[in-house]
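Structures given as structure tokens follow.
Below, subunit A partners subunit B and then partners subunit C, in two separate complexes.
The block that comes next holds the complex of A and B.
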């Protein structure tokens, strides 16, 4: 099977009945609209719950274990990258220090490899050690299809397919977001680390809520 | 009845299929092994179908539900009215104790004391964009999208108290922290709506708009240079890093400036169509979720967002009943990322070209009206036009059509579609009533001369607009609130060279505070009779494009930005801060 997956093919493959109201049903009004919370909608669009493996060999689910209820910082890299990665990873090291002990508690950093075949957990463990990554900063690998799905869903894609295929010239942005508050943003990974931290904290919980969470934990 | 571009249809369908497929894969929570079994993954683990699953098939996002065109009349935002008093009263220094978010004192309220006071509240409200879609929770000024229109007058300074009553719950996107920019205002920095002058929920911010001509405190005392008169301004949220989503949610409106020539009365001055015949129109494109019918914003996008629904003044494809006479329309591309080329189209006579008159560029009246067959706008550009509907028979209809093809945030692909194959934005219904027309015929009009550009610049600065590894940059650097990239000496003349070095991308570049004139575009002077022979505040940088701009920075001091007005580029660091002060610097590549 090559080319596009048609609706019918997908339905057969997934064993689903064709969704009513999806295509051709140009809706006889008044239409009944689905009640889906914005948070769930964002999850559905952007956070496939694929299985990934950390540099410690631990298996995690992307949404359930890494994103849900957290303030997260995400980028893509690979261990042998000599282009944009060293600068961005160095900056994230500074970001981790500036955020202090919140990293690993309610703020988490995730660097996902673009070369999952090469970047095994062992390779990533060595990388983490060499670069002095602290707790709360995970390097993640997984099945190539899953990683590619994540890359696309998280928007680390160039609209020019030729540019996009060139992994050595990949997107250097850092994405950050507060999942329960549905607040998201991104900035160049080569920005000043202090600026990256400031940008991340604009999406933070209000002080009062942070105090209450602190009291609970 | 034509309302969807035929050319787009194939791509639309593939985008929609991709979106639905992705949703079902997620819903089914398939593992990689299961996906491989189903043939959705190749043995190497890559997704089988480039377009069937790609999150960005042909630049698309989710596809909106169908809507029937021409269901709603054009909505015209109400005119904002002043209040007798503000509580607490406005103060020169920031009233931090009372909850004002301003951090710097007003520099010009002493010279230009506010004659009128306004109070506006930013708040969430349920709005209908189309009867086929559910009510939308939008962010509004005073409950309106677009916000109320300010009618301001040169020589009459005003102060606007802007209150942030936005909710903590953003409904999926938007940051309830705002900085309201008056686009093209000759405004002291602390009232400009600088991106980093944001204020939070529960706070307010007093903006002082002197409504004074450039040069009032320098080259042309005491009233300023009449030839710097501006007409069509707009205001919009400018919150650093979050402008695109906040404006997408509704935070924008018009601010019109009148004077003794552009009077707002077609019986006087330039005799431009006035009252009900002077209509602002903001064009925006949006996406609505297929399942919930609610406004959808792609949170994982730094390149540009295109919608498949076309709104005028906050409603999808409205109709507008017009009388058989001249109208002044104030067209504004409200973004976030789409460029337009507007034509008048008669579907039953597609070969006929209907010329009209362009009278302004970026809301600044041209030296004289120019007859055109179309108008092209990039994000934040404005054009005032005069259309004479007496040329159309009573009872007929005519469409405003966008014929510029654009598939993604990179900008239009260069193709201008044939008549009838673009997107119909607005339907004009020609009423049978007989009506008088007190406005002047555009061919007889002269407006303002262009200010001289022969002064020698104190400094020439060069700016490269770039993309490296998907990161937007100017001269290789990224935006930060506290990084003052260069300093302009107050009341000096500068020449700025803007270069587009970002490959296949276009950038509408906006410079706050002072208008510019284009000295050269790709090495050539702008020919007489071009609509670019004008005063502007947005420079449309096309592919491999270089322009030289003439500026004169007068009267006020403080911080201002230059940025790309594709708001997705702007939010992701394609912006810089420059300051005006007494001494300035001479950095040539800041």
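The block that comes next holds the complex of A and C.
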């Protein structure tokens, strides 16, 4: 054999080719995920649409009401924290000042309690007043299981399970993202507030582009 | 002329570049409560408001021992002493509680939306309603005598013997009201986020939270006659031992400021996220919400407790 193929052998090979293809297709599961948009994949994986309650006592759905179509900033905290929370909240207060009236208009800040059993809407309202939260910055509580699900899905988790079990331990990170553009990032909550603002605005999109995209969809 | 005026005004911004101030660490006491934002002294005892517990605690100033815990309204965040009683602003309850200094309840009185600043002027209680953008004047028996519009988010109050001064945190202004009828006499634009007020007997002082500064105001005209550097999140103010004492929430410090040139002569490192400050003889008590603690600072010398 010198590598040449007889006419008969070629016919057999060509005849079997469709079958081989069919067998191959049967062995590989259909790649359905490829048919799901990145936006939907991120939503399904990271944004459970759980019910939360704001410091004003209003019930909201995490994805539908807080995340969808918005540019958002998210952190976790709890009212009686003696560690990093008050410092991060003070720093985010500076971020709020720098963002000005865009907070509540097209940029939203969400601080989710790690201790929903203790942090009732009333406690959170008093905490909000102490930190001078303006419109567009919500403090959120909810059913403990839902809050824990959110914490995990949003990635506010310590790799050491022992450390992670105690919700008093937390790193004070801040997530920010533009949901419709599927752009997400994070930074330490104690970063220079100007840098945090620049990072948030890097995910921004001009109003005109937003209107055009809205008109197309 | 305008340029010369501007130069003079800028010249008032004192950046005390002399020797760095001493840094002291005063004694810390547990507040035995939750996130205290306000502290007061009744002449014998220290009182602290625990905003998440809905109570106030009475402490012995010599050792910080808690002598009693008394339930008040929801979200107590401001205290004042007057008419032989302790007055408590219940932010969530839109009310003011009057307690006997023995702790007994003397009355609870409805005020405006979100009370968060109190001052007793010798005869009346004044209440800054943070969410209502008003101040309310109460008689000592709790009768409401008037409610007056001021700027946005009135935080704190000062009294110079005739006029009431109000720090409007979101308007970046200080209002001067005639205490007899609530008429606004003047409104002064100050720094970013005015928070605390103090009267030194001659001038009114205001802290600017986001500007990290304090300003000295002319009592007659309300004009800003000096701007001095403070720490991050300048909030509570007190006048004691011929100095201005500035609580810096972001830095978790208290500055002792020389009023003549604004020089910071001493820095006290206190519990995390302090807001409230009260003068108790030759001591200052500082309430640190983030640290769940009280710090005791000596006003007389640079030695710490």
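The rule we apply is simple: the second predicted complex is superposed on the first by the 172 of 217 C-alpha atoms of A that agree within 3 Å, B and C clash if a C-alpha of one lies under 4 Å from a C-alpha of the other, contacts with A are read in each partner's own complex, and residues count from 1 in each chain.
By definition in this document, a contact is a pair of C-beta atoms (placed from the backbone, for glycine too) under 8 Å apart; a residue touches a chain by one contact, two chains touch by 3 or more.
Since this is a predicted model, take the numbers as computed values, not measurements.
Q: Comparing subunit C with subunit B, which touches more residues belonging to subunit A?
A: Of subunit B and subunit C, B contacts more residues of subunit A.
Q: Name the contact category of A:202: first (subunit B only), second (subunit C only), both, or neither.
A: Only subunit B; A:202 stays clear of subunit C.
Q: Classify the contacts of A:65 with the two partner chains as first (subunit B alone), second (subunit C alone), both, or neither.
A: A:65: touches no partner chain.
Q: Considering only the touch criterion stated at the top, classify A:132 as touching first (subunit B), second (subunit C), both, or neither.
A: second
Q: With both complexes superposed on chain A, which partner does A:122 reach: first (subunit B), second (subunit C), both or neither?
A: second
Q: Can you name the residues of subunit B that touch subunit A in the complex?
A: That would be residues 14, 16-18, 20-32, 35-36, 38-41, 44-56, 59, 62, 65-66, 131-132, 134, 168, 170-173, 175, 177, 241-242, 289-294, 296, 298-303, 408-410, 468-473, 478, 480-481, 483, 504, 571-573 of subunit B.
Q: Going by the contact rule at the top, pick out the subunit C residues touching subunit A in the complex.
A: That would be residues 34-35, 37, 51-52, 74-75, 77, 91-92, 114, 116, 130-131, 153, 169-170, 192-193, 209-210, 232-233, 249-250, 272-273, 275, 289-292 of subunit C.
Q: How about subunit A: which of its residues touch subunit C in the complex?
A: 79-82, 85-87, 90, 94, 97, 122-123, 125-127, 129-130, 132, 134
Q: Sort out for me which residues of subunit A touch subunit B in the complex.
A: Against subunit B, subunit A makes touches at 1-7, 10-11, 13-14, 16, 19, 22-23, 26-27, 29, 31, 33-36, 38-39, 41-42, 44-46, 48-51, 83-84, 116, 142-146, 148-149, 152-160, 169-173, 175, 177, 181-192, 195, 198-199, 202-203, 206.
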